[in-house]
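Just below is one structure, and these are the notes that go with it.
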Amino acid sequence: MNLEVNIGKLRLKNPVMTASGTFGYGEEFAEFIDLSRLGAVVVKGLSINAKEGNPPPRLVETASGMLNAIGLQNIGIERFIKEKLPFLKTYDTSVIVNFFGDSVEEYETAAAMLSSQEGIHGLEMNISCPNKQAGWCIFGTDPKVTFEVVSAVRKRTALPLIVKLSPNVTDISVMARAAVEAGADALSLINTITGMAIDIKTRRPRLGNVTGGLSGPAIKPVALRMVYEVYKAVKVPVIGMGGIMSADDAVEFMLAGASGIAVGTANFVNPLASIEILDGIIDYMEKQGIEAISSLTGTAHAG
Amino acid sequence: MNLEVNIGKLRLKNPVMTASGTFGYGEEFAEFIDLSRLGAVVVKGLSINAKEGNPPPRLVETASGMLNAIGLQNIGIERFIKEKLPFLKTYDTSVIVNFFGDSVEEYETAAAMLSSQEGIHGLEMNISCPNKQAGWCIFGTDPKVTFEVVSAVRKRTALPLIVKLSPNVTDISVMARAAVEAGADALSLINTITGMAIDIKTRRPRLGNVTGGLSGPAIKPVALRMVYEVYKAVKVPVIGMGGIMSADDAVEFMLAGASGIAVGTANFVNPLASIEILDGIIDYMEKQGIEAISSLTGTAHAG
Amino acid sequence: MNRYFRAEIRSNRPVHINHNLLSLANIDPMVEPQPGQFYMLEVSKGLDPLLKRAFSLFRRTQEGFQILYRIKGKGTSILKDLKKGTVLHVLGPLGNFYPLPSDSESPLVIAGGIGIASVFSLVEKLSKKAFVFYGARAEQELFMTDALESFHRELVLCTDDGSCGVKGTVVDVLTDFIKKRDEFHQPVIYACGPKAMLREIAKTALANGVKAYVSLEEHMACGIGACLGCVVKTTSGHQRVCKEGPVFDAREIVW
Amino acid sequence: MNRYFRAEIRSNRPVHINHNLLSLANIDPMVEPQPGQFYMLEVSKGLDPLLKRAFSLFRRTQEGFQILYRIKGKGTSILKDLKKGTVLHVLGPLGNFYPLPSDSESPLVIAGGIGIASVFSLVEKLSKKAFVFYGARAEQELFMTDALESFHRELVLCTDDGSCGVKGTVVDVLTDFIKKRDEFHQPVIYACGPKAMLREIAKTALANGVKAYVSLEEHMACGIGACLGCVVKTTSGHQRVCKEGPVFDAREIVW
């Protein structure tokens, strides 16, 4: 049985990754699962400088989902490299670093800083965070701006470059094509869908930031549709995510067109989720007599 | 206690309506609830000629939601007027007719046909159905086209004109402004979010139409956020919907900016839902000492 | 008298691996059901699973009614764990029902697997001597045969593996049966089971000029004709399984 | 030895209107908890509610541990109906714990309402004579007072309506108490309760130069420091209640 998948130039031992922001810097989960079993660890989004993020409250549970407005709190690239990366290097897994910036220059600098590091196997560029700050959100919703910022970053890194798309757009395939034309090696989707919740007693928004990003099983049908559309629109590999809670969900994303998948909110519900999903995929392959997992990708499009 | 709300020129006895397509032509629910208690009955979307809709399967349940790909099956405006409207007229409620067309001309003709009928109190123009057929779906995702079709319809009807917005857009407030500039008296939102599901045994999409519209509690946070945004963007009344299952949900939409609300998928889960929500709103008003329900609208924006 | 009512679970016991018999007692007055009709049952008070589940009337009882169900997915897995005393909201009886045979017609009831749930009360009700063909994969998957036998109809059991009754499918048996049909003046078929089985039965019936009623399934949201989600293709366009069905004249279905 | 383990419900009984005591027995080996730590409990196997719920260690037992909880919303309403024998996935013990007093310090434990759940096992553990102030709205809302009394600490009960003990809030009592504090060399406060109460306690403590530890609550997704969802504002930036907390030095919180 062959579990390997290729995400552009990046070869992963299996298709199961962790979704950025739901797995900390990896170490938080090391006591529960063997990180070496994962296809890749994708860490919390980093910026050049540390960020405090949004004021609390930052979380609201919703029907089969949750809203978060973390606001990209992170320790900054330097501390990550010093304090977190050495730990991750001790595991036999690929390390993908999610990053963002407030300007094209910041994106370029961040990419360059990360690309000079040994032990980082790929970059995931977040152009899609719905926690609007300093107007940078537009990177992920206007194809021209997407093209510009991805092109700029492409020139600064030789690492496999994954661009993470926002679902908060009219036509995700337009965004996908813009990113690919600008040099993305792969695309990951979806990031959270912007939502909100109001407390009817206080009559105020529940989140400190008013709006937040919806994740979890509630959004799975939307995520799956977008992966299906993007698979049709571009030739590069797609990493699918959005509400994956089980191996069945993961397989659905692969059938829709994903080459790899990422487990997000499920990590909160069950710290073993990523590994249980991997085991479930293996089980599905055995039962269905599937030799290579990569043969599943996009088969729902046939016929 | 004053439950009345104004949707443009249309005065409703209370804010509770039924969402188009989830309440049939009203008669299906008449054995369960007293239709006269509703603020308005909004009927299934009509076109000039009857439509067969999409091939089955048309429904998939998802986490706290459902996908539908009905494909706008309906009996056509003439049969509606002959067979269904007389029944609705026997109730003391407002009748709002949801309609659509495959072209600007069809929209115009449909609006004119409906506007000559006594017993119809308002029109809801569906420009937002995600069940793509004949390319007409673009009416709801391109502000220029929205402006054009709404302007055309506006000239053909003196009835209160509600334009129903699609959530499948980058910026809902742009769409809202286009509809209002073209003459909409009110806006309703959200229609369903496009999604899909795949059967991992057959490896085929579960819906006959491949994609469908996601509704139910899963989408509530997104719907609420869009109502909040649209309330800020335009001056006309907003009818909020998307996952309203309880009076608390309904109140949340009003706080976000809705003048009226519509109960959709909840009607399937519980045929008494609309009336129970109305009763729950009355209860909330009593407990919170609220004199006029209309005073709630938009109060989450304050401060 | 209302088609939306509360019912209390009186018992909910396994009749076989993955199959349960649920006995409900109505708390509110209920409308009298007919064989072939169905109910939509609330399986959880939460938002997931969201929709009610459709189950045929298995049998009317003094205190209410029974449902025979297969544990299939999320909803039925929750249902199987519900205990005596639990109160559920129920919608029904819904849909049309099996039209009873005229005096000159001989009823021929065919059930495949869990399809027995839909025709059981029909067999019970049929006043004249009815033939009942009931098939499953193996003996253990034939349920409630004692009860069926107690009705004293002509009962033919079939299993794919021959572990009980005739070895073969009900369709094989039906085909044989129809061939020697002079003993029969005017057979009329009532069938419920997997779609593939029903399609074959329809074919056989049509080929032999025999009237056949089939009970169909489609995913449902409302159960009362409002959502248009449960349609099947018929010769006169899309028809709702929950309203024009679940029982259809086999000739009208575009298979 | 694992912080993600299965536990079986041994009992789940009301101790008052809307408050239950849940006794769990660990099936897998569990890590020894400390007073002030908490657990994330699975309340449903379905997808709604989705997240686990946070509850303080109430008391360590021989077979596992206990949770004292208030039935608040969706999750706890489901939890209260779970029966003996139900197996839950549990994450914990999580977070930091109450730092025990030094020999020269006199512990002063303050609980408001359900806040008793967090400090109960601390009271049990404190070797030296501790003062315990426990307040609620009315007598019926003071739980487990018998058990508290059995520890033979100095127990001061307060109720808003005076139906039991001192009439007034624990903050009033604390203020009085601190004024006459020469009988006390070095008090150290441990407090859990509504945020407004903790803020007042912090104010009083600061004003009187008394050390105070408060246990805070925030909505949580992961419970293990990964999501950054549960932060509170502190003098050294955002700190995670699930990791750096739930127990904080009152001086460090930006109230």
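General remarks:
The first chain written gets the first letter, and so on, giving A, B, C and D; residue counts start at 1 in each chain.
Here, contacts are C-beta pairs under 8 Å (C-beta built on N, C-alpha and C of every residue); 3 or more make two chains touch, one makes a residue touch a chain.
Being a predicted model, the structure only gives us computed values, none of them experimental.
By number of C-beta pairs in contact, B-C leads over the other of B-C and A-C. Farthest chain from chain D, judged by C-alpha centroids: C. Separation between the centroids of chain A and chain B, computed from CA atoms only, is 34 Å. As a whole-number value, the distance joining the C-alpha centres of chain B and chain C reads 36 Å. Distance between chain centres (mean CA atoms), chain A to chain C: 47 Å. Computed centre separation for the pair chain C/chain D is 55 angstrom, with centres defined by C-alpha atoms.
The multi-chain contact residues of chain A, meaning those touching 2 or more other chains, are 60, 63-65, 216-217. Of all residues in chain D, those that touch two or more other chains are 47-49. If the chains shown are joined wherever they touch, the resulting network links each chain directly to all the rest.
Of all residues in chain C, those touching chain D in their complex are 44, 46-49, 74, 78.
Chain A meets chain B in the complex at residues 60, 62-65, 67, 141, 168-171, 193-198, 200, 203-205, 210-211, 214, 216-222, 224-225, 228, 243, 248, 251-252, 255-256, 284, 299-300, 302-303. Remark: chain C residues 47-48 touch chain A in the complex.
Contact residues on chain B toward chain C in their complex (touch as defined above): 21-24, 28-29, 31-32, 44, 52-53, 55-61, 63-66, 68, 70, 73, 216-217, 245, 265, 267-272.
The part of chain A that touches chain C in the complex is made up of residues 63-64, 217.
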